[in-house]
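Every chain is named by a letter (A, B, C and D) in the order it is written, and numbering of its residues begins at 1.
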């Protein structure tokens, strides 16, 4: 068993209204100095050892992210 | 070896645990148990020991403690709620298929159709986690309706928050609205009504009440009872997890020491996360099971989870029940029996199924991809027996858990300050008198948080889904078609002006019913039944108990006078911040019936040019508890408007005839903000101007802003005016022409006040909530 | 073939919500409605398919992301390639985009709130299978109700769609979700597969909707399926 | 300027319908061997250098996550 993290973030050129809403709200809560916020998704998967990197990439690319608007990154982590 | 408290409370860990079985409990009578931490009083605990003839096991203690909680046992309210039954006559009962005591009341609405409806509160969870708290509130009430055998067809959400401008309200309100919308929208249930009210007293204690309405054939009612020895008990829906266990997790702490320092799983979240998709599938699955006749009895899992479902099913049945807890599908590892029994994981139901139908039942569940497991069966014994890992962990008479909990006659006392509040009447408050002042007052009130447009909230709710919504927000009542062939429909409205109830809990509760009744009546529907959600402060505060008792009496007496029964309800005590209770808030829901939904009366004017606007009812100088006093002077005192239920009934009758005979093309009841506010809303909703003329003898301020009950404004087609006014005078309903609809003008022109462009009115009325909440 | 001889399928996924409404609209237009089940790789011989609104499989990951893998969708994609008319409404539009039958993607509303309101639209392309009954430039009032209806595609795709006249409807009098170029609905290159966020099935009768402006979409398809 | 990542994940004992939906859908697409999926949020913040760790923790705890149902982790990353 391995733990795999897949990060899915809105592409840089795509508008991210959620991140922007956070960025706008922070100063109102008294938090200054945060100039940009982007909000995406984080998936944590428990993966059998025989699942290879290629398969994980395919899962991310074809399913967890929509590459029209999102970038993704897969990494294995200690669990 | 002597037992220490710590050992006796040992929890399941790593498999090497000892089970606190009934046998073990009998052998260790002296073991200390954390019953107080679980909310049981000393004498309640002693009573349990008396019932069982030994100390309860951990699992039994968990069951009794949740089932004997205020929320589940109604221990403080029972003695008062009885009065609803006493006030209900045989005549009122005649259309009631199921009443108080069932999951939800069921009313015969004609043509073989029946309707079930109920409101529940999810106040505290919604303060802690607004989105999920509100969402699971919707989920819970929907399952109640499903448990009656009905298809849920609509929801409504009466809400109360702290001051609109408060920072915390900006956290709570958007989350609550998102949660209600997110869950209800995903279930495909149109949201057809509700309330949004702001008041300081709800600041750390918002009220999130959720109503669900369901429809079924009148001979299809399902009941929550376990009968037939050998019938199987099937748990279906989501898996059972550790969320929503709250207090019971004290049992899980190995090092439990009676204070807050114990480790282990002591701090389990008492909040649950909802999964509306699973619930949507569960709805479809249940309906298919009912249609196929595969269910003998059914119960939803809500508060108190399996403890509640098994004990209530068994208690209402004719035998005992045996459950094997090892069969319960779990989501978390290492859950002990007390946790499994107390978990409030959402989206679960429990059914009683004949052995020969089990395969068919499973087949339907597979089709919908719903997890279903036989967890036990109905037995011919008396007791509810529950096993875990081969040992008996529960062996109790189910009635003692579900129905025979403690009943308290809490002290109640009308507080002395009540007289001071009554004496502090609004007569001396400065009133607007010039045209400018009146105009300014009208606009200020239209923009105030309690009177402004609710569109920011309601536009986040789907009110179209299912294609049967005939009227929804912003009309006074929501109206749904329930039969496409005949056009038969139903209407619902919920109301409560808690400022009135604060001034006079008896009269205020009656006014709440009167307003909900009127809101149903102005749609052209005939009110037929009542439900409620009684939100109050601490049951241990005699002043609060007095408010409660008064409100129940007021509501019951009024429903008797109106001739429509209270079919069910919900009580929520302990709504308070520190020792300050919320305003007493008995939310009242009224259900109505309309034979032909094409005859529904909308709120907005403008159907045809030149229609007359008529004011029905009497306007008196009544400003106690009014919005005007609140908005312009921050004042709450005096007495609320007078109650005249015969008048409400007459008004309702006239509106029903008006709808049936096509005499009325728009109608709006008068409530908070009085006539001025009603005219603003009728114009804006209808996107049509009007010209209003003051009666000669009238004091413009009183006439525009008084909140006298039993009134409505109607728009009457030109050719029908005479017929309509004659109808009113024949029946003795005061009726005065106050102006005309002006389809040409884009302004509301009020004599003695001036001409207000609709565009200005609109930005005033619609601007408030978006400016506050984004 | 009489109008009633035209059979229009409506898919039900777990979590579909407006499937009953779509079937009602089909019947109202004079065709017969056929229920299609997500798990069946079978279109039951229908002449056209509607992918209705709702939250298929909960739509927790991304709208339409899971539904595109349903067995029935494989058949829909195949049939669409052969030229069968397909209409995706709201969640159905999202599914068709995810399935690659239509370009682009629908993202979270710019205002971050779910929006349910009566929305003015302008009919632009009136030659697609689903829009022939409308006059070019006609204004229609049809409900929208969605949380993720902001249409996004890269500029070149948007230019291509516009260049080929494939925008079916545009929002007028306010854009409810921030859609690029106010796009409310589009069609594929052949004008047979259509997707839109507004709900024509909720505008078939002024009793239960704001207008009956949506009926034209179903009647348009019938004109093609049942040549006069 | 520093880039800060805040991961917000549903608490272990809390139901995660989103992750569950993904986990259930994977085998249907032919991906085997993934036994558990949890889905949370990932925020990427551009932060002025004078914003200290304590402030970031406060932002995460009081605003980006609701600690009643979510765990969070903050880390500074190379940007």
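To be clear about the criterion, contacts are C-beta pairs under 8 Å (C-beta built on N, C-alpha and C of every residue); 3 or more make two chains touch, one makes a residue touch a chain.
Chain labels with UniProt names: A, D = Phosphoribosylformylglycinamidine synthase subunit PurS; B = Phosphoribosylformylglycinamidine synthase subunit PurL; C = Phosphoribosylformylglycinamidine synthase subunit PurQ.
Quick caveat: nothing in here was measured; it's all calculated off a predicted structure.
Comparing chain pairs B-D and C-D, the larger number of C-beta contacts belongs to B-D. Distance from the subunit C centre to the subunit D centre is 34 Å, each centre being the mean of its Cα atoms. Between subunit A and subunit B, the centres computed from C-alpha atoms are 39 Å apart. The geometric centre of subunit A is 9 Å away from that of subunit D, both derived from CA atoms. Across the assembly, subunit D contributes 17, 21-22, 25, 29, 39 as residues in contact with two or more other chains. Shown for subunit B are the residues that touch two or more other chains, namely 275, 277-278.
Shared contact sites, meaning residues of subunit C that touch two or more other chains, fall at 57-58, 60-61.
If you check each pair of chains against the touch rule, the ones that pass are A-C, A-D, B-C, B-D, C-D. Those residues of subunit B lying in contact with subunit C across their complex are 178, 181-182, 185-188, 275-278, 280-281, 284, 368-369, 458-470, 481, 597-598. The part of subunit D that touches subunit B in the complex is made up of residues 10-11, 13-17, 20-21, 66, 68-69. Partner subunit D is touched in their complex by these residues of subunit B: 128-129, 132, 238, 241-243, 268-269, 271-275, 277-278, 331-332, 345-346.
Of all residues in subunit C, only 57-58, 60-61, 66, 69 touch subunit D in the complex they form. The residues of subunit A lying in touch with subunit D in their complex are 1, 7-9, 19, 22, 25-26, 29, 31-48, 50-51, 55, 58-59, 62-64.
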